[in-house]
């Protein structure tokens, strides 16, 4: 958005709403009610947050058509404030830069590389022999694509992405800056106190509609392939080790680590910084809490937490008991005192009066 | 430092100290007393470590003017050994390379990019349209700066840093190799078993005097902006998610992960590998222990630890009780035995003699 | 491997085995018995997995010469199925790309850089003044090597590796994409509510036969040097802070974080996501479990787990007691009830009949 922002009446027109207040004021920022400052547009989708609307610093707020309540800012009345706010945000935000089609003159593209129509290859990219890139895919500046790697159509790789040889990548895949796909798996055989490197001969296969965050690492398989299923979403700084299989439409938050040969089911959700040991299965639809450490198979649909992980309800129960340990200890000590009194023939317990 | 090092008397002169022993010997390394090897210069700041001085392999040791004690190496006597050691280190170390001013001929700089005086743009850098770079800022080799991003004066970006479009960066900001600023936030809406990407329309704003470590990732906001306040120091491999706000002069150690929309106060310290859940507040001056998992708001000035995190003194208390659980279990079993005896009409307890 | 694969009889010939079944079928993939699909070659090394062989979908399986049992696929009989499978994998896999010797015409190599024979410098590499590269070392595309850094012979750096100034790297070192060596240590002095940067004047020294994973970060020392000993293997996204010393032939899994000045012994193994606090020693041969948090010295040969870490057997004991806390609580409550009865003069306990 420009520094001067846009006129409120133009935003209202763009989202099919009506202004209540001064439509000529300008809004340049977008923020939640509690965070908004003058110049911002905000929204009230859930009436239970009306108190925030009454105190917001936002210059304007999107509200439902029939909402009534105090608000210091101008209003835009719409049918659905939540959705209209997204439309307003798109309207107010400059469109993201579109990579220009064509091969930048500085790029180094090997003979025989096959590029689909409208492909964009950025400055200083390197595409090795045998690479195939599908139509309309854009590879950002400083991208590296190794030998015989195939990339589908409509993909978007941001700058500084590197993909090693013989990787297979589907359509509409988004890869953020600094991500690495196809690095060697971590495999060594002990040999008289040294580690002998085991060749990592496999590949990586990434399905359609996958998104990999910034500085993610995905290792190639020892044999066979590491597989990221269709529609999987992976946040920044996640590690996917050799021979891991991730089922379709699973999602993992930042800094998750998955060890070699683990099998993650479909529709699984892994919380941030969770760790999965090698050769395990996480069942379809399971949810793994943040920072959990998974050391044995998780059944489908389970919700687990802790290190080592256990079902969430059991974790909560054990945690509650643990937090009351000092109290339990006192009760035990008190019983010991009363027991000693009884044993000494003084059965009166606390009263001591008998 | 050169392989031959420098003469001890030259070091002494540089720091305003006096040599005791052979000033013509050469020192080439710098190390703590316990780690030092022949050829190293070390220092004794705290007299309680005098025993280490007596056994050090260092060729020379910086000591206080009035310190007496055995030391096999030569001495440099100074008023403040701690500070003098830093000065000696600067004297003995070759000055760090200074990026040459100017735009390297291989760099790709879009028309209309505005560069301040004495700016250094390294080999293979890419600066997109609308970029503004302040005076004396240096962008290392393979740097990428996206459209309409503004960078202040006196910044230092090491090689392979990438900054996405519309980011705002203050003055004197240091960004280490491989760091990524402005990648898309991790935002999806569930839709019939698939994840629909939510556009990440916001930006990132980084204050003056911030330092970002190697391979750090900072995501752009969904709407509005992700904010790293003035003077914040962030270690390697840290993740800052979309819409996070970090207050001034906070510091976070390596591999910390902060989830979306969390608000970190000023002067906060986060230990290594700590994780902060989304939409939480960490109060000003709070300290979060290493590997802690924060799942609810932390009050200002608190010191918390564990997953889920709790105040450090409570954590220590619970931990101590937990570690004595086997003993508590034994006491309970013993009471059960004594209780059964009492119930059987034998009140004598352990003695059994009554 | 080509899409059509290779004939089974050719695989058998390559590994010195004999075909049992149709040697003319083609195999193109390699997989474990449980994961194999038609077209795959698998192997049975341990007879206890014979049940998997009976149900595998693999087109062919390598088995021991004297093994008998049902298997739907063709067999290759060999003396040692485990080893023969590796040989078969090498035979069936296209050889990894070999970096072409010579300096790519796009590379920027400073005057006076010394390159050994048969060195390969990839596209868009930057080698600063004073760099020395040993014979047959290959530096992949977009590599950055800072001033006065020395790299040994027969090293392999994958694309987008950056090494800061004055680093020393041994022979046969492998560094994967995106790794950073020599970034500044995280060192600041508090000064009236701000952080003052402490100059990081030291270097990094990496021994022979070390391997660093993708997006690993290794910080330079404050003074002296950060040291990675000979034969050390480090997985993706690991953080090695300033002044850390890692002993020979140690190995650390992905996302480990080692804080400043920690000393890791030789032959140590660190599990994934483990964290080591600063200034600690991990003794030779110690094993640190995944996600463990080490806050005090670990003796040689110990196996520790948990946060804060403790010996594995103690951790398991405490964990078992903790998981039975709800039961212990019930026993305490039951005793309290019985004790109250005794105190009231009804010694009969549960029966209540007396």
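Every chain is named by a letter (A, B and C) in the order it is written, and numbering of its residues begins at 1.
Heads up, the rule we're going with is that contacts are C-beta pairs under 8 Å (C-beta built on N, C-alpha and C of every residue); 3 or more make two chains touch, one makes a residue touch a chain.
These figures come from a predicted structure and were not determined experimentally.
Under half of the residue numbers found at the subunit A and subunit C interface occur in both copies, marking it as a different-residue contact. The best fit of Cα atoms from subunit A onto subunit B calls for a rotation angle of 120°, in steps of 5.
Centre-to-centre, using mean CA coordinates, subunit A is 24 Å away from subunit C. Among all residues of subunit B, those that touch two or more other chains are 106, 124, 142, 160, 178, 215, 237, 255, 273, 291, 307, 322, 325, 328, 332, 335, 339, 342.
Subunit B meets subunit C in the complex at residues 29-31, 35, 40, 85-86, 89-90, 93-94, 96-97, 104, 106, 122-124, 140-142, 158-160, 174, 176-178, 209, 211, 213-215, 231, 233, 235-237, 249, 251, 253-255, 267, 272-273, 290-291, 306-307, 319, 322-323, 325-326, 328-329, 332, 335-336, 339-340, 342-343, 345.
Note for the complex: subunit B touches subunit A at residues 106, 108, 124, 126, 128, 142, 144, 146-148, 160, 162, 164-166, 178, 180, 183-184, 186, 188, 193-195, 197-199, 201-202, 215, 217, 219, 223-224, 237, 239, 241, 255, 257, 259, 273, 275, 277, 291, 293, 295, 307-308, 310, 317-318, 321-322, 325, 328, 331-332, 335, 338-339, 342, 347-349.
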